[in-house]
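Here it is, the structure, as structure tokens.
Going in written order, the chains are labelled A, B, C and D, and every chain counts its residues from 1.
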Amino acid sequence: MQEMIRVGILGATGIVGQRFLQLLDGHPSFAVTTVAASDRSEGKPYTDACTWRLGGDVPRAALGLRVQAPEPPLDCDVVFSSLPAEVAGPVETRFAQAGYPVISNSSAHRLSESVPLVIPEVNPEHLGLLDTCRDAMGAGGGFIVTNPNCSAVMIALTLAPLAARFGVEAVVVTTLQALSGAGHPGVSALDITDNVIPFIAGEEEKIERETRKILGRLQGGRVAPAGFPVSAQCHRVNVADGHLAAVRVTLGRPADPAELREAFASFRALPQELGLPSAPAQPIVVRDEPDRPQPRLDRDAGRGMTVTVGRIARDGVLGHRFVVLSHNTVRGAAGAAILNAELLLAKGYLKPGA
Amino acid sequence: MQEMIRVGILGATGIVGQRFLQLLDGHPSFAVTTVAASDRSEGKPYTDACTWRLGGDVPRAALGLRVQAPEPPLDCDVVFSSLPAEVAGPVETRFAQAGYPVISNSSAHRLSESVPLVIPEVNPEHLGLLDTCRDAMGAGGGFIVTNPNCSAVMIALTLAPLAARFGVEAVVVTTLQALSGAGHPGVSALDITDNVIPFIAGEEEKIERETRKILGRLQGGRVAPAGFPVSAQCHRVNVADGHLAAVRVTLGRPADPAELREAFASFRALPQELGLPSAPAQPIVVRDEPDRPQPRLDRDAGRGMTVTVGRIARDGVLGHRFVVLSHNTVRGAAGAAILNAELLLAKGYLKPGA
Amino acid sequence: MQEMIRVGILGATGIVGQRFLQLLDGHPSFAVTTVAASDRSEGKPYTDACTWRLGGDVPRAALGLRVQAPEPPLDCDVVFSSLPAEVAGPVETRFAQAGYPVISNSSAHRLSESVPLVIPEVNPEHLGLLDTCRDAMGAGGGFIVTNPNCSAVMIALTLAPLAARFGVEAVVVTTLQALSGAGHPGVSALDITDNVIPFIAGEEEKIERETRKILGRLQGGRVAPAGFPVSAQCHRVNVADGHLAAVRVTLGRPADPAELREAFASFRALPQELGLPSAPAQPIVVRDEPDRPQPRLDRDAGRGMTVTVGRIARDGVLGHRFVVLSHNTVRGAAGAAILNAELLLAKGYLKPGA
Amino acid sequence: MQEMIRVGILGATGIVGQRFLQLLDGHPSFAVTTVAASDRSEGKPYTDACTWRLGGDVPRAALGLRVQAPEPPLDCDVVFSSLPAEVAGPVETRFAQAGYPVISNSSAHRLSESVPLVIPEVNPEHLGLLDTCRDAMGAGGGFIVTNPNCSAVMIALTLAPLAARFGVEAVVVTTLQALSGAGHPGVSALDITDNVIPFIAGEEEKIERETRKILGRLQGGRVAPAGFPVSAQCHRVNVADGHLAAVRVTLGRPADPAELREAFASFRALPQELGLPSAPAQPIVVRDEPDRPQPRLDRDAGRGMTVTVGRIARDGVLGHRFVVLSHNTVRGAAGAAILNAELLLAKGYLKPGA
């Protein structure tokens, strides 16, 4: 029987931290041994330190744990980080410098030259940056691997098969994003009831830049971003979970909607080939009803790891358009990080008792 | 003292019909004398025939009225129509043929060659079509004037000053539309709670086609649509009133965001010059806060007749972008029709006791 | 291997009908062989006849089925009915007269003298009415068993252990009920966004009367309702699933909150003893956090079959109070009917190939 | 022309503070000269210190003001306080000791023996406590007058005519309270979307105790609380403004619903007699539709100062029941305080240039 990889979760009391615990409950390779947080809950039993907000009960693994400070050393082989952006940067660096593999959902290092920003179905080859990353982190062998912003994931994931088949020349994205993307307490109910907020700090820039890095090419030890421009306008809407994006795209060669549909629906990639535990059978599902995808009906597709596409059509300005939806705290956060960890394990980058 | 124009409202029991009554309460030139509806409430007192949904009490003018069938003749000088699209077409034609001026919020005739589709601040000169229209309707002197779809209004209104100063070459619009746009009962609460619906039947086509007609040029007795392409993707969100649109636009000449801001904020037009009673002092207000416009905070600007613009910025794909919001049942429906009627009155097209 | 009971679902296209299909997917004893509906979808494939609203995909059993008219004969051993109240009465009677066991979630027959109104944990002995019921239905051996109104279920279920230990003398219930209780389309979003509706037609009377029948005593071939008065005030709130009720109760003897807590938490009954497939391990779970139960967090407890109680305290007027929540379309509707069917099967009232 | 009373607002940046400014805009007797807050915005221009959340623009009076620390002396004749409960107590005492009349919406002093808790329509005679209050505050002539909790206002106001005509023997109240009652940011949207929270800290006790003080009798220099018990269960619902309460009441003598209706609808009191500027023509309006009152439709009745009652009926346990609604930040907070100030002015307790 395979020895389990012992996992420490940084930011374990937040919304994404709770998703980590929920998704790792019963995982075949990862066992949570440590929870840490930066929110002054240090030393408390996990169940006292946070209010569990995901329905059901706190996963068993967390029941006996006390919250640690998010500083090395911690009793684990790898750390999963969902620390708030304003503290994640230096903390994650210290863990990597102390020899820990860091699988991060935070934005702090996503655009660092030596840090891979990876969606296993899209750009697993960017893990080639890890040699550079390890060198940058000193002799301990630690490194940082990041996953994208909760909206950028689904955009890059749907662009990937289009880029491969048709080429992509320009992308226009308009998002309708869920409340859980802002964490807890996050958005005030008084601000969003009977309302929409056309602003999420930093989000438009993240989508525009991360999408191009993910779809960029690794050469000569660095990632050259994809050359096409990306435009993003972001909105917060009164939905608990599930980000939706209206996408227009200009392709490199003529294609009709049926070809796009086929490119999405037939898309399979390395995680599916490797049978990674969190990999959905289909990364992208196409719904043909005229009013799908919808957050409440589609966010849990593939246990939150499948992205749902609908309304594929010609567009009078950009050429093509569609709507895409994914679960922002699963495929867009905790699940994305776990899938990265599974890929790293499969590739030999993670070892128990390291 | 000026004699009042006697108004009949077709579709008086619906959401837009109720807005007509509310907005005409105390109007200096129009007095509601007749209410009609196609919903089997014929013969009932208005207060029994409909549930008043706008807050406050039913306007005094409606208290003594019984609901009539929506067929000529009716006791009025002009009819305002917010009939459902599926019945509006032939009914409005019959009224016009019977000699009534018809001011319609319905989509049935908006794209007819001989029917003007007018926003008084944008294309009052399209009323030049009325000679053609009257001819088409026979000897009675009746005609039909329409106002745009609830989203197309704010898009055309914000494009107008841009088109005048810079030229417009392409428009990409993504809407987040309120529930009242679907009428009552309209959207099921079970479908929209904790959800977004990326589909509104016919809406994308309406925005794409109506915007180009409104910004088109009247020449030789017909309107040549504007030449630029318009792309619209539409979403229903859980907001009672107030449509919001994220807009990208390619302009005909270079401009920076401050120039766009100035073009919006300084925009004044014929209704402001004429001092039409429903004309807002400013057709477009610009909010500089990063998180505006918002439906709940901005929909009532200018008593619902002012459109609010924010987030003006450069766009990496189209060149320019901004967000616009307006009250969909005031500026986007009943208020739009009333402003058309006020313009027609000022231009001599309406007369009491006709 | 046990032969499966073949089930026909009446009202299969509605919200509760869809729950029946979802909950019966993979059931060890019941297999859906027929779907019927009264909504003019007769003859269509099930997947064309209804829009699936529960997330995930339509259960496999329904994929090949065409919608039948809800009239006997149908190809099944038992019918589960969630027909609309206005048609359920005579239709269910015709099925029972034709020899079918009818397990009904409709209100039509709940208060009939010869029809048992049963919660398996509370009053399974009321099935003793079935002899009377069969006689009333003629020679075919058919009968009708009903489950309570979606709010009455959780109220009667929580009163049961209190009645047994302390006696109940008066009950005051105020409900906050979910949208799915009104079916689809049900409540208009325009009516409930940023709003509460303090009215649900017939609901207060149902709760007041059904609670007393369920907790009444079967003697001499009829049920004498419980003697205590019940007061119900009902509200519709903007929640998709999960009815909540604030309950005050006057008990027959002094008790402190800890005793009530113990009575709830230790409550087990016949379905738990028999190990019925849909019976939750605990019919009632007590949450001690001050802000529970909450619809979104607690409605899925025990896969929707566990009722959650919290805020147990003394009350200055009635003596005791608490808050209770349950999933209104599972424990409050489809799940309640299925649990009744499982009890009937265990008691020998249902047979395959009947 | 009457000299204006100069008003200082403590807590001016919060939700209730903003309502103070909005409601005092254009007031015939009160002019805001000072804004103060405890939220570290001291020294900033008011428009920088807070985000205006009420729609429309910041009232003119506040445009030139800078935020002061909430400590005496301030440049005003009277202070209106909506400070957070945790700081209000000592701050308000210091202002009263410094000679200022303090009109407070905070809970800190409501139950103090020497502080009147007043609804002008219900217990204006409790202002008789002010002699005691002034003595307690020292030689400066300052005092504190409080208005009730946002739910207690509407409950006491509707009980007042019942108590006068029939006597009241027991009251059972279940509230559905709006988000604005928790201030801003207050409730997290993630906690209340598709949800209800059956807990508001301290609220049930406030309603139970304040209602009895308001309806108590001033004798011998102190208020003896009303003798009847009050039971309150409180819930937070997803509504922006407008608290709703389901009320049962046991009266001192038999009455039928029509008598209760008449008692509510005909109720007029001192503020109406005196014609106080904020007094609504009718303190209580009765709606006879079966589904009213509703927050969105009725909260603005009487410009937010009229309480709306509906669903008056017999109750099987307590005897009588009804539903009541009021605007929680107008009649339930800022408007209540302003009406108290108007009463104090009419009674000679406030003077300009004091």
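Brief remarks follow.
One rule holds for everything that comes next: a contact is a pair of C-beta atoms (placed from the backbone, for glycine too) under 8 Å apart; a residue touches a chain by one contact, two chains touch by 3 or more.
If you're wondering where the values come from, they're calculated on a predicted model, not measured in any experiment.
When chain centres are set by their Cα atoms, the one at the greatest distance from chain A is D.
Of the two chain pairs examined here, A-D and A-B, it is A-B that is joined by more C-beta pairs in contact. Shared numbers divided by all numbers used gives the overlap of an interface; between chain B and chain C this overlap exceeds half, so the copies present the same residues. If you average the CA atoms of chain A and of chain B, the two centres end up 42 Å from each other.
If you average the CA atoms of chain A and of chain D, the two centres end up 48 Å from each other. Shown for chain D are the residues that touch two or more other chains, namely 53, 193-194, 238-240, 296-297. Listing the residues of chain C that touch chain D in their complex gives 170-172, 174, 176, 193-199, 208, 229-231, 233, 235, 237-240, 244, 246, 248, 290-297, 310-311, 315-318, 321, 323. Residues of chain D that touch chain B in their complex: 53, 55-56, 193-194, 240, 289, 296-298, 300.
Contact residues on chain A toward chain D in their complex (touch as defined above): 15, 53, 179-180, 182, 184-194, 238-240.
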